[in-house]
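Chain IDs A, B, C and D follow the sequence of writing; residue 1 opens each chain.
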């Protein structure tokens, strides 16, 4: 049961859910939730390939750095959201259409 | 190198199941025997006898976010440091301790500079105006 | 036997959590389902012997990112004259039929592409027996300290940039008369 | 193979026989099934003992505080009032369960579950003795940190879901306090990992010995300071006084569990008391030699050699000694936790953050670097063995 196919399938489902959340939502924080799902899917793929193809530890390192980058991305992204909210009193993505305030 | 069996994760699953069981079981058991006669006043939020005004879900101060931000950066740093720290002893024994020490030093010091920046900019102060007017209380004398 | 059970539980938690994130109308609940999904992914890591990654997933995501998101939701919850933007009433901006339609099209297109790739991979899948699980912490540490030392050091610069950048962006503007 | 309670028990003949018998009877390899049964039984025992200790913790707290304040304390239920916690438990179950009408029901119900899951899951790696350890995971201490961080989410969600101003403030404060103090604790743990060279509890304790000079507490000056940083940070992480701001009665009524009544409140309290025990146990394992007993009595080899005892019996005796050693140290720390509560006044919230970010974290980082330098400079020898060596070499010269 535990083989590359099921792992790819699970990360595929995670990725599609992330895409759905990212496109369907109009709320910036919800979009960030979707991005986290997508990043998780990619990190899971790297770990799965490590196990099922060559047992080389480099895949784990890649996943580790994806997790690190995701955390940094979440921190900066949410910081931007909070700043945006202070300026516009809204977290609707359509309010962020123009670059100037 | 020794291999390991995934059976070592059994206690984790069992303990999580037990936590659900203990919590759910005690609530269910209580549900059978405890009284249940709610009224409107009982179900309002407690505000020392006053009627609650508005919702509690209002905006909060940004300083909570800045604290959480510094936390997550150091959390990730610790996640990267753990494996390196775990092999430090081994590297030291085969004579590579110096290089590893140097890399650990630079890694930590780069992050510490971020902490120092936040410190200097006052992000670590909970109440920013406290430091600017410390003599208010003594002026009256 | 137990491994399969653990795998099934984790997979159910992962996919269920992800779907709940898609269908949840409440941002706070979506965040909680995201936590469940992260937990499931940690279980999936554990199933393939990536124990350090599983623990990292718990520490960084369950302890860090989710808390950060919850805080951010609280900070952007509502304004003085517009309480309850999230919570019991539906959040204002969770999307409408049009965006869901667009999302569906995007998902179908990207899934077609992905399924093509996955099918290629699965056709060439080797059915060799899996190797035993080796402890990963030491190997990760060794590789981080030798082969990938540059990435290790640069990640600290990345974190420094994230810290300073986000702190500058989200810092409340000081009053001019201060 | 990681040492667990199953690997310890499989040294005895009975378990092997039972496994063989089951394998024959069922027709497939039953070692996994036997392991599951053993784990389930031991988990039940551990959870039962921990819940009792959590309950007795409330009793000890009231009795010790009464002693410190020259009062009598609970003395009605059972001898010396020791059954007070059972009476409290019955009362909690019988209390009416109220969910405020404005609350977010789903989150309100989920929050105590999250707290309890986070605390119970950490019990898997608490090292009671070398044999009686549920699972000696390779990532032991790191796994514990990850699971313990669930408590912060639970506290925050509990405060949020109540839709009460007190709860919301308490939840925000609690979550930010818990995550803040996680940093000095984690960095101190990294410095101990440096000394031990591994993340599993077995490695962390294996580097220490039974005698105090072999503990990591006295390994070098940095780890000595590290112990106090870890202890202070864990006090704050478990919301104990003097860091009990999330539930400061004088300002926030009861903090994040203001709206929780009956058993739901009881679950929060149970999680908190067990977490205090777990944190004390981790401090013991990291700094105070864990389950180690002096003169290698824990392995039982001395008993076998000197007294000619049966090997398994000697081992079991050694395990009992180790469990005794672990519980003595941990409960000693538990007493200090309660003692501190009635000695020190509560901090202000800005002092709390100042203490964490301007004192503990820089000192912890300094300690980490100091430990690394010590390891490099002295080849990982402890200050005691260095002194011993220098004295011996001086004595040898003359």
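Operating definition for what follows: contacts are C-beta pairs under 8 Å (C-beta built on N, C-alpha and C of every residue); 3 or more make two chains touch, one makes a residue touch a chain.
As the structure is a prediction and not an experimental result, all values here were calculated from the model.
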If you average all the Cα positions, which chain's own average lands nearest? B
Using mean C-alpha positions as chain centres, tell me how far chain B is from chain D in Å, no decimals. 17
Taking the mean of the C-alpha atoms as each chain's centre, how many Å separate chain A from chain D? 34
Distance between chain A and chain C based on Cα centroids, please, to the nearest Å. 6
Chain C to chain D: how many Å between their CA centres? 29
Multi-chain contact residues (two or more partners), chain A: 64, 67-68, 71-72, 74-75, 78-79, 82, 86
For chain C, which residues are shared contacts with two or more other chains? 2-3, 47, 49, 52, 56-57, 59-60, 63-65, 67-68, 71-72, 74-76, 79, 87, 134-138, 140, 144, 155, 159, 162-163, 166-167, 170, 172
Touching two or more other chains - residues of chain D: 32, 36, 102, 137-138, 142, 160, 163, 172, 176, 179, 182, 198-199
Does the chain-touch network form a line, ring, star, complete graph or other? other
If we use the touch criterion from the header, which chain pairs count as touching? A-B, A-C, B-C, B-D, C-D
Going by the contact rule set out above, which residues of chain A touch chain B in the complex? 64, 67-68, 71-72, 74-75, 78-79, 82, 86
Chain C contacts chain A in the complex at 3-4, 7-8, 11, 14-15, 18-19, 21-22, 27, 30-31, 34, 37-38, 41, 44-45, 47-50, 52-53, 56-57, 60-61, 64-65, 68-69, 72-73, 75-76, 79, 91-96, 99-100, 102-104, 106-107, 110-111, 114-115, 118, 121-122, 125, 130-131, 134, 136, 139-140, 143-144, 147-148, 151, 155, 158-159, 161-163, 165-167, 169-170, 172-173
Touch list for chain C against partner chain D, complex: 1-2, 26, 28-29, 32, 35, 42, 51-52, 54-59, 62-64, 66-67, 70-71, 74, 87-88, 135-138
Residue numbers of chain B touching chain A in their complex, please. 62, 65, 69, 72-73, 75-76, 79-80
Taking the touch rule as given, give the residues of chain B at its contact with chain C in the complex, in rising order. 1-7, 9-10, 13, 54-55, 57-66, 68-73, 75-80, 82-87, 90-91, 100, 103, 106-108, 110-111, 113-114, 117-118, 121, 123, 128, 132
